[in-house]
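One structure is given below, encoded as structure tokens.
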Amino acid sequence: MEGLLPDLEVVRKDFPILSRTTPDGRPLVYLDSANTSQKPQVVIDAMVDHLERHNANVARAMHLLGAEATEAFEGGRDKVASFIGASERDEVIFTKNASEALNLVANTLALPGPRQVGPGDVVVTTEMEHHSNIVPWQMLTQRTGADLRWFTFDDQGLLDLSQVDELITERTKVVTFTWVSNMLGTINPVAELTRRAHEVGAIVVVDASQAAPQLPIDLAAMAPEERPDVVVFTGHKVVGPTGIGVLWGRRELLEELPPFLGGGEMIETVTMERSTYAGLPHKFEAGTPPIVESVGLGAAVDYLAALDMEAVHRHEQAITAYALDGLSGVPGLKVLGPLDARLRGGAISFELDGVHPHDVAQVLDVRGVAVRAGHHCARPAHAKFGVQSSTRMSSYLYTTPAEIDALVEALHYTRSYFKVD
Amino acid sequence: MEGLLPDLEVVRKDFPILSRTTPDGRPLVYLDSANTSQKPQVVIDAMVDHLERHNANVARAMHLLGAEATEAFEGGRDKVASFIGASERDEVIFTKNASEALNLVANTLALPGPRQVGPGDVVVTTEMEHHSNIVPWQMLTQRTGADLRWFTFDDQGLLDLSQVDELITERTKVVTFTWVSNMLGTINPVAELTRRAHEVGAIVVVDASQAAPQLPIDLAAMAPEERPDVVVFTGHKVVGPTGIGVLWGRRELLEELPPFLGGGEMIETVTMERSTYAGLPHKFEAGTPPIVESVGLGAAVDYLAALDMEAVHRHEQAITAYALDGLSGVPGLKVLGPLDARLRGGAISFELDGVHPHDVAQVLDVRGVAVRAGHHCARPAHAKFGVQSSTRMSSYLYTTPAEIDALVEALHYTRSYFKVD
Amino acid sequence: MSAELDSLYQEIILDHYKNPHHKGLRDPFEAEVHHVNPTCGDEVTLRVHVADGVVADVSYDAVGCSISQASTSVMTDLVIGKPVEEAMSIHEEFLTLMQGKGNVEPDEEVLEDGIAFSGVAKFPARVKCALLGWMAWKDATGQSLDSQSISSQGGTDD
Amino acid sequence: MSAELDSLYQEIILDHYKNPHHKGLRDPFEAEVHHVNPTCGDEVTLRVHVADGVVADVSYDAVGCSISQASTSVMTDLVIGKPVEEAMSIHEEFLTLMQGKGNVEPDEEVLEDGIAFSGVAKFPARVKCALLGWMAWKDATGQSLDSQSISSQGGTDD
């Protein structure tokens, strides 16, 4: 098949978990990578080496281990900055996950400062967001008296861009949207939406949680007016560990925002009466940061960069096209989202007539095929289709066509098990 | 020496990093455990096993790996609950570190709800807090118009409890203090302060970041009126990984507090217009939680429990007494904090006449002795002594008397290197 | 493999799923609750009518998987017509079965069709599904009793 | 080992530490800044007086370690009396030396006593100490020039 990663079998060997089997000896077919990705040995080894040989707290420690740990931790930041083409390493803030990154922005926009959101202001999101890019903005608008508005999407899962003029106006202070939908798979037009938002002076916050694993991101290559002001993603979906998320922000914006969490590391000086705050990135990193996680994430993005994100993207597209094709042969199966692999990422949600998604996932699991059933943290997008939940398969760089075959076959079996027809 | 952990040499073998040497072949003497602790092999192995064999996202996933990962993650919560004697596992919330836990409480107290802090209310802290237990309360009181007040301490580093009646009044809504000071070493009277705070209906937030590693904590054994409402600590100081902190809170209080971060996992249902929130502990855990970190932390507290926290505490006291004795023989050295080992934890900060703390730490480092120099995130406590910074040695369960000897000898060398006298 | 599935999806379960008992929302009732499984989005709206200390009716509307639908249906069969106390003890028994990780032997005398769920206990991710309707029932029944004690208190006040 | 220490604590550094040059805060000045190393708490308050494009005076008050004290002292020796542009290029040169991880050969012509800090570059944790005073000077000088261009602009407006 064209487009697959060269040496796919060799790549798969990098991921120890892929050789696991089910209790009755079936190979594991992991199709839940939009939920979390598996980790290559190099990431695990980097973390082990750090914990066994270089562990210390960072920044504050002046001794040998402290210097090594600081270099390793800050090295993770450098690698992340270069992975996304950030012009400045200090624009990369480590959070605990993508959700905290989004909350950080939403929370600090509620505080006094040049960017403060208030009554009458509008925050625009979309109906296809992950809950982590809806709830923080609900909280922000509820607390400040601003209005939350949103783009809807059509039957194909594409944003209704005819709403742009109505939604993005002089009142709009923030436009936020997911680059790639974790439920529909849709890839949204980042450049276009950003340009429109910038025309009215709004800031643009892009949730790249699903994009960063799948697409090359090169901030430096974007035209400034089309470059979002904030891009967030999460470590555990880019073959890195849990416990770390990334918030990249344009320096001027990050400097305008007040600090979020207060405490160690983020201060300049503290008296009992008042404190002043450190510069970027530390201003937004209160407390001991995710040290071993930065080491793991650094190894992870290096691994992806070595595979080449263009190649990873091609692989995802090839597998996604093959999967869409295979799924179309399952009677009663309806894909929720774009049917053209070129318009989408690798998460494919679907309904199967007559079998509830939980039951689909259960039967698949017994056959070793791991998919997700539920609302995938996107209830509003499900509500749009009049359903509570769906089944979702999501591939990644280690997914093979044979695994897609196993999925399709298991879906046929599911139908026969539940005697649908 | 009496009080040391039995089989100390065997215990030390559990910590791979302790066999490291400096570039010129000296053994590493790690006396910076109050900053972060070293990790035993079982913790590292538990994390590796999880990443290599059981990695998946939790709660949301219904497949084999998802069930295993969820069990492993929630198992970490069970272990932490039992480590501190929490009556309910769901009262244990995972944050990213102790700092986030403190910010979570301070932030949610600013929001509308039965516990909301407002103008005229008083928040009481102490002058010996870590910045992470000062800055969040400064932010809270500044934002709400409440007053921040604080206990001072005396020359011995003991809180001035004569201020209790003046500070803890009907206006007081929150009393917060560190159980064990990370700079002075002081152990504060948790039961007494808590009882007094409860008499006026204030809630008590205890920063146990330095206590949890060193003292047995048994919430169940405390009289209810002497039991704090919130106790926080951080994973990386209890031989666990970075990227995870613990917030234990009394259920009724946690239920009264509004949610903090919004997003996946913490919701009950979401529409574009509004959301409702999940019950404890998920209400306060937005986004993908620290999964592999919970696995590591679970292994860590199990390790400590197997050693027996009473024994760990005795060890710390024996080493601390030995260190205080050794330090008293260094001319011009002044300890900042209690001189009686029974009144204190294992962090000993000191000044050395004529040599700046940085320079002390530097010379020590060249001799393989890792200590911390700086303000230890406790500038107000340093200001009290009229200094910017100090040198701090901090022992832990793996510290030997011979390591203390090495420190003392290196301090003598430092004096001669800088030609003091 | 099919044996593993069959232990989960017993015929009784699939029957109740296809033909749920007592479904639909009915009057009279003292309490109506709405429960959600936040993980997967399954929902149930459930009403309880208690009369003279007896569970006179349980009616519901629900969306969810076979396990949650069937278990709600079985639950209504088991509790309707029983004194509240007895119904609560059946609830306890079912809870024990579900939390037993497959090591609890169900009592058919008490649980009737409910014993079909003993296989579910071996699938930790599905235990919540099986309990959704039961938890809603317990909640609603508690509220019914509260509202009655308040209104009967109200009565003595007159 | 002592060799390693000696490469850091060269005699020149210890001399400047014990007898810092140009210490104390003096008038006149156009800008005063306060810089802190947040990690360790070292502080410097520093004033700059620029006259006719020349660094006429740099005065300061500071607490900190031997490296930060000595480097501030050496800095004042190097920049006082120099045209601002030349002083800035000395600053650049010192920065390059400090960030060179010990691989940059210092130019004694330019850096004079500053070459004693080449050993510091091998101690990443101390580089910030060595730069504290230099960064404060750069900041203050920038502010001095700004204030002068504003006041001279003010002049043309009359």
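By written order: A, B, C and D. Residues from 1 in each chain.
One rule holds for everything that comes next: contacts are C-beta pairs under 8 Å (C-beta built on N, C-alpha and C of every residue); 3 or more make two chains touch, one makes a residue touch a chain.
The structure displayed is predicted, hence computed values, not measured ones.
Within the contact network of the assembly, the step distance from subunit B to subunit D comes to 1.
Centres computed as Cα averages put subunit B at a distance of 44 Å from subunit C. Mean C-alpha position of subunit A lies 38 Å from that of subunit C. Between subunit C and subunit D, the centres computed from C-alpha atoms are 76 Å apart. Counting only residues that touch two or more partner chains, subunit A has 60-62, 66, 267, 269, 358, 362, 373-374, 379.
Touching two or more other chains at once are residues 39-41, 123, 126 of subunit C. The touch graph of the protein chains shown belongs to none of the named shapes. Checking each pair of chains for touch leaves A-B, A-C, A-D, B-C, B-D. Taken in their complex, subunit B has these residues touching subunit A: 16-17, 20, 22-23, 28, 30, 32, 35-36, 38-39, 43-44, 47-48, 51-57, 60-66, 95-100, 102-103, 106, 111, 127, 130-136, 138-139, 143, 148, 150, 234, 236, 241-245, 261-267, 269-272, 274-275, 286-293, 358, 361-362, 364-365, 368-374, 376-377, 379-380, 383.
Across the interface of their complex, subunit B is touched by residues 36, 38-41, 123-126 of subunit C.
Residues 59-62, 66-67, 70-71, 267-269, 278, 282 of subunit A touch subunit D in their complex. Across the complex, subunit B meets subunit D through its residues 24, 26, 356-359, 362-363, 366-367, 373-375, 379, 382, 388-389, 417-418. By the touch rule above, subunit C contacts subunit A in their complex via residues 1-2, 4-5, 8-9, 14, 39-43, 63-68, 123, 126, 129.
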